[in-house]
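Would you mind keeping the following structure in view while I ask a few things?
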Amino acid sequence: MTELLQFIITGLALGIVYALIALGFVVVWKSSGVANLALGQLVLISAWFTYSMLAQAQLPVWLGLPLVIIFALFLGWVIERIILRPLIAQPILSLITVTLGLGYFLQGLVGIIWPMSLAAMPPLFPKTPVRIGTAVVSQEYLWAAIISLVLFGLLTLYFRYNRMGIAMRAAADDQKAVQACGIPVTRIFSRSWMFACVLAAVGGVLISSIGNITVGLTHTGLQAFSVVILGGLDSLPGAIIAGPIIGLSETIGAGYLTPLTWPGIREVIPFIIIIIVMFARPYGLFGEERIERI
Amino acid sequence: MDLPAGTRNYSYAQDMAIFRTKTHWILLGVLILLLFAMPAYWHDWLSVVNRIGITIIAVMGLNILTGYCGQLSIGHAGFIAVGAYTSAILVQRFGVPFPVALICAGLFAGVVGMLFGVPSLRVKGFYLAISTIAAQFIIIWVIQHWTSVTGGFSGMDVKAASIGPMVFRSQASQYYLILIITIISVYFAKNLSRTRVGRAFIAVRDNDLAAEVMGISLFRYKLTAFFIGCFFAGVAGSLLAHTSLSISADYFPLTDSILFIGMIIIGGMGTILGPILGVIFIRLIDVLVTELSPALQNAFPNLPSGFTSGIAPLLFGLAIILFIIFEPRGLAHRWQLFKASYRLWPFSY
Amino acid sequence: MKTNRWLLLSAIFLVSILAITPLLAACGPKAQPSQVLKIGMMTPSTGPVPEKGLPGQHGIQDAIEYINTELGGAGGYPIEVLWRDSAYDMAKVGTIVQNYMNEGAILFTTHSSSEMKAAQGKANDAGFPGLATFISTMNLHPPQHIYGPTPDYGDDWVAFARYYKENVWKGTGKPKMAMHLLSGTVGQGTLDGAQAMADEIGIELVDVQNHLINTTDETASLTVIKSKNPDVLFISSVPAPTAVIIKNAKDLGMYPGITIGAASASFTKALVDLAGADVVEGVYGVFHTVSWDDDVPGVAKAKEYVMKNHPEDYGNMDYFSTWSTTLIIREILELAVKNVGYDVLAKGDAAAWKAVEEQGIQKLKGYTVEGLQGGTVTYTPGDNRLNKFLRIYQIQDGKIVALGDWQEAPLIKYAAYGDQ
């Protein structure tokens, strides 16, 4: 029983971090219909940038972290302006592939600027773990949960009540119609990429202070894909709910399925879930099913 | 515009011919001669050329699946792995002759590809891309852990390819084996694109709903595309296994699957020439960086130590981005333009 | 139209570079007149494990500089290294090895056991001798043309298990051990050793868990391990995941409490840096060279060169490992030059490979590697590990401190790899 509690707590904690990264994906998809496969690389580069600010330049946290956010906003703006702007209204295949190229590019950039390729994030949170009953969870996770929920709340409100937010939703539906209504589509895209990069940066800081800064951070992008597929590509609540489900299935699966199968079952659980979702409910739990016309 | 002035087609067969004029046939002859003579003049680079050949076979399959039929697959390396292990297991454990194992590798990879292709009936675009990524991870995980069959993390030692008494052990002999299979694959792919099936693929790619309304069975053609695409992957995997002489799951990383997509984009999706150019281009960048980085490091010891290591992915990513933005139709399109302007010279149209 | 012209120009430029480079590369090495000994060495300096590959690459480069400038090469001939970045891409490893053979290298090394696994098919087939700095059981069994300059991952386990049983374990009966293994050749090699020798040493294996190289949290798998109540946890992995596992074990209250041991691939300065010195305090580790704090002539030289060329690698065990591997290679080449003469080796063909193997590697006897390794480097027929000695270390106050004497690891027979 003590184990089950620990699995649940760890699973929820892991899942909420996945959800945070997944939000960055959903924001871009929701407003521009671009599938961002460079998610993991955005996480990686912002983690390294944070490391530069806090450990190499020795800036205090109150100055360093806002600089990271500014960097992320700038990065998002540059990516949209240079790479995605020329591709507006191109077929989806080009849009997916260009983000793959972006991912490689960013990874190469990281290799050139930060050749040490492995570092520990300076401690941002107290190290003592928190006890919940018999289970233990490190403080970073609690902070991650709070930050994710706050960001989720802000984004939901933004998309529902802000004029620009509503326009972003409309842009995903029909870019030409939105443009015809006098809303600048380019500004919408630019803003959505800036949001996505900020979310990736926050995720990067949190994940790398939980683990380390390694090339492996790019893998978090893959985990986030299973979250968005389960939750629905265009659903913010879907991401927040699907994240913990994926996290729980990973830890509980690792706990109880390993003796039945081979060790390391945890590695493929998210992908097995993807396949199951594809067969059972291809547009996810909360995703909107598009009705196509010829 | 495809034919020189004064060339007229008087029959359907002439109209359909790939090689229409005498010059075409002569050029083809010269090309084949050059290809077959390559071990004589480029011996030291045969291992690279062999790798390019194997990759062309695999990417040709992906091109049928993604370029012609429009089903984006980011799990192609996983299907290559299926072929490689099928062939290796058949030859090593059951003593099946290599040619039979080669075909079986293709068939089995095709069947596995079809299984993971079933979601394509309900989803497309990004959803399908993610489910093929999932396929890649699941396949590799099974290979790594099913130790009694695949050797697990230790991988397997594999015998050199052999047909009857002929053993393909030297670089040159492996080159001929790969070259011949590559030519057969390209020939098959070129002709496939001109048949009923190929035209159905293109209809599905351009608009699958419209295709279905026209009476094209999506179920049948999407799965056929997955089968054929993964058949090519399986054949490539078998060749890889029997020329590397050892395989492990590490041979088939996700980055390779992504690279393959990059290759068909850079070369030109939905053409036969495209994947060939794309593979050569990317593999040569790869070789260039590998061979040049030690020289660079010696020449400029003051370069930051990450420079040589970061430059490869950077260049590669840049190439993909630039191609999609400036030349979405790829190198093959550039080649077409070049041919056209050559024919029309000195006029511009 | 303007963009198109630029694109065309840049395309022509790129294509011409691409066309010229192979030519240059093909003609370049042949053009220079040389009396050198050519060897191929590759490291995974890019790709998923640059944190091991880059220091390894620097170790090779500095050691070669040292050998050629201060020791006068091997047998009077300077050593020329054809260094390549494998990017941890296994198909690429195959082409690199093939190119080494074509370009007349007389032996080759890889950094990791996975790369060697990818290279050994071709190398064994051609009789091209190779060494992997970090080597695993599947590279050496059955013994062919691949050698380990150091003991393999199975030996890591044996050395640690023995030390633990004799010096740390205070209870009665069999100590219970859990293992956390990296998915790959590193973890597999350790597991092979454990399964072959656990009964003989008297250790009960209670649980085996796997993790990925990019893991960020192993709380769940450690919870499973915790429920089995082990006395000792052995981790065979690379630094980053090992740091994560030890951090999680500390959060879960397992450590301190149980003993933690780490295999050689993870036991380096990076582990201390990543996890924090207070977290890894008291963790045991196995390694096959001396540490940076030992007072032997080899360490002084390595320190001198690392401070001069790559100060960021100071304290890194990967740097040290390839440094000592390169010294062993020099000894091999020296023996080969002495026994068969330079002319045979200069050809770089199958006869040269055979000469290096039979008159170099297999004649190794009593070489001390300037004090960098325990015991001596000596070839024993039927055992392709050239050095069989390991030492136990412990992290004390953030420093890697040696404990006790060098241990000799026995030759294990692995039925799974067809050993008799």
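Order of writing sets the labels: A, B and C. Residues in every chain begin at 1.
As a convention for this text, a residue touches a chain if its C-beta (ideal position, glycine included) is under 8 Å from a C-beta of that chain, and two chains touch if they have at least 3 such contacts.
On a predicted model such as this, the values are computed, not experimentally measured, just so you know.
Compared on C-beta pairs in contact, A-C and A-B come out with A-B as the pair having more. Ranked by distance of CA centroids from chain A, the top chain is C. Each chain gets one centre point, the mean of its Cα atoms, and the points for chain A and chain C are 36 Å apart. Rounded to whole angstrom units, the spacing between the C-alpha centres of chain A and chain B is 32. Each of the following residues of chain B touches two or more other chains: 144, 305, 309-310, 312-313.
Looking at chain C, residues 46, 50, 54, 183, 312 sit in touch with two or more other chains. Shared interface positions of chain A, defined as residues touching 2 or more other chains, are 111, 115, 117, 263-264, 267.
Listed in rising order, the residues of chain B touching chain C in the complex are 43-48, 50-51, 144, 152-155, 157-158, 160, 169, 171, 240, 243-246, 248, 250-251, 253, 256, 281, 284-288, 290-294, 305, 308-310, 312-313, 326-327, 334.
Contact residues of chain C toward chain B in the complex are 3-4, 7-8, 11, 17-18, 21-22, 25-26, 45-46, 50, 54, 58, 82-85, 87-92, 94-96, 98-99, 102-103, 114, 117-118, 120-122, 124-125, 138, 183-185, 187-188, 310, 312, 417.
Those residues of chain A that touch chain B in the complex are listed here as 35, 37, 83, 86-87, 90, 92-94, 96-98, 100-115, 117, 222, 225-226, 229, 233, 261-264, 267-268, 270-272, 274-275, 278-279, 282-283, 292-294. Put simply, chain C touches chain A in their complex at residues 46-48, 50-51, 54, 181, 183, 208-217, 219-221, 223-224, 226-227, 239-240, 243-244, 251-253, 270, 273-276, 312.
Listed in rising order, the residues of chain B touching chain A in the complex are 66, 70, 72, 116, 118-119, 122-123, 125-127, 129-131, 133-135, 137-138, 141, 144-146, 207, 209-210, 213, 258, 261-262, 265, 269, 304-307, 309-321, 324-325, 328.
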